[in-house]
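Chain lettering (A, B, C and D) follows the sequence in which the chains are written, and residue indices restart at 1 in each chain.
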Amino acid sequence: MTKPILMDARALNDFVTRDFGQVAADFTVDAVTDQGIRLRLIVADRHLRPGGTVSGPTMFALADVAVYLAILSRIGPVALAVTTGCSIDFMRKPEAGRDLYCDVRLLKLGRVLAVADALIFSDGVEDPVARANMTYSIPPAPGR
Amino acid sequence: MTKPILMDARALNDFVTRDFGQVAADFTVDAVTDQGIRLRLIVADRHLRPGGTVSGPTMFALADVAVYLAILSRIGPVALAVTTGCSIDFMRKPEAGRDLYCDVRLLKLGRVLAVADALIFSDGVEDPVARANMTYSIPPAPGR
Amino acid sequence: MTKPILMDARALNDFVTRDFGQVAADFTVDAVTDQGIRLRLIVADRHLRPGGTVSGPTMFALADVAVYLAILSRIGPVALAVTTGCSIDFMRKPEAGRDLYCDVRLLKLGRVLAVADALIFSDGVEDPVARANMTYSIPPAPGR
Amino acid sequence: MTKPILMDARALNDFVTRDFGQVAADFTVDAVTDQGIRLRLIVADRHLRPGGTVSGPTMFALADVAVYLAILSRIGPVALAVTTGCSIDFMRKPEAGRDLYCDVRLLKLGRVLAVADALIFSDGVEDPVARANMTYSIPPAPGR
């Protein structure tokens, strides 16, 4: 699925800084890719479970934000997309002491519905720690 | 699925207070039920999105903790169950200014795998705001 | 979620006989319930895997048809609802030589989107063999 | 995830012909790939819904068989893997009159659990018609 890129990594990061309030410090867009984006989670103590691995809800949030920003990268900051569903598999324990990153592939970007999948990796490790697919509802915007 | 109850609401709440650290204040077990448990999220500012509704990752965490505690209510605090998968649908916006609660039904509690579903409600509102199903892996415990 | 019932079991069975062609003989609506419907799969050789248990795709089809008919029971035979997503867990092996039935709960029946969950049982056995949740898109109908 | 290939396309097709009985004629392995396999559904009338598009349960079966064979391509025909879960999104209507093919990526191939995702395409069309992820349980085999 190839759609023109309307927001690059810098534009997305500015958007996150401006609009994401307290969680803006958690995330940084590494790249806008042919198929979606790569989003990094800057791991901090508040993301960890006992044992030093990133918690499940934090990985869910990483995938959720990553898909949201991937959609905005193609439709611009105009719309208020809403998560309608997510299916996630936790496959391996994240490595302690490493950032996570999330690679998103946009699979469908329709007028009212978007579908994407995401793989989450511990930085520097080959096998993914989690996979997710997410569906978003895209409310009609004035003039679209 | 009916299994004897090994931990009641008080025992589960004590466990949460002791072992859940910083997030213990978020949750309270309202009841252990025939089919599972009811877990309450005591909504605070840190759970909210702009507009005053509870965020998706917070609802994911609520379902995740609720299923985890439902499993412990039947197998006791001995095992370290690990979430392996979750599928969640967000159906309605939670009402601002209300707690959420989550009703868990245990559907399978096998030797190595547990499956449950969960409905999340805004307290006092009839229709559910989200539904989830979760699978947990139960590592072998000494002597089980 | 309580919506008035527009089609009862007889009306749904007539609809299946008329519109479902070759698979009409597989299914019968046992009841329209407060929350949805109960649909029965009349198990035949073509549904079985080696060993005599019902195949996964057959259980998927049972849940899919059951949710579709549950939606029609509340909105009538006017619309052409389309499955957009399904998440299914296979929990136990179905018993050989028994019908399966599927209990549907409608969780959301919006203007454009429906969400339901379903439990599949071997007739006469307490624990469910599978659970599924399904989302349907409901195209706009003239006059609705 | 790179694992040595134990069964190539010819070995898998021989296995399907020998062990899949009545549905063997539906499927052919086009290729064993670096990440998994590509499986083709040879579309026939029995797979179609009114309107000439492939039915949902048929696409579920395609993804299910494709992941199963991808697992066997890496572990050999020794084990009896069992589907434990599937999450599938139907994104576009398949084109009438075209075969479907399914590209599988193995994401985890553990001792007892396998996870894979799959994209389904109408042959000759760029955008996928469906995506699925599946989990399989791999029973212990003698000598493994």
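Heads up, the rule we're going with is that contacts are C-beta pairs under 8 Å (C-beta built on N, C-alpha and C of every residue); 3 or more make two chains touch, one makes a residue touch a chain.
Note that this is a predicted model, so its numbers are computed, not measured.
Novice: With chain centres defined as mean CA positions, report which chain is farthest from chain C.
Specialist: Comparing chain centres, A lies farthest from chain C.
Novice: How big is the gap, in whole Å, between where the Cα atoms of chain A centre and where those of chain D centre?
Specialist: That gives a centre separation of 28 Å.
Novice: Take the average of all CA coordinates in chain A, do the same for chain C, and state the distance between these two points in whole angstrom.
Specialist: 34
Novice: Please tell me the distance, in whole Å, between the geometric centres of chain A and chain B computed from their C-alpha atoms.
Specialist: 24
Novice: Chain D: which residues touch two or more other chains?
Specialist: Within chain D, the residues that touch at least two other chains are 84-85, 87, 89, 135.
Novice: Examine which chains touch each other and state the graph shape they make (line, ring, star, complete, other).
Specialist: If you draw each chain as a dot and join those that touch, every dot ends up joined to every other.
Novice: Considering only the defined contacts, which chain D positions touch chain B in the complex?
Specialist: Touch list, chain D to chain B: 84-85, 87, 112-113, 135, 137.
Novice: What part of chain C is in contact with chain B in the complex they form?
Specialist: For this pair, the touching residues of chain C are 1, 87, 89, 91-92, 107-108, 115, 117, 119, 126-128, 131, 133, 135.
Novice: Within their complex, state which residues of chain D touch chain C.
Specialist: Listed in rising order, the residues are 21-22, 46, 50, 56-58, 60-61, 64, 82-90.
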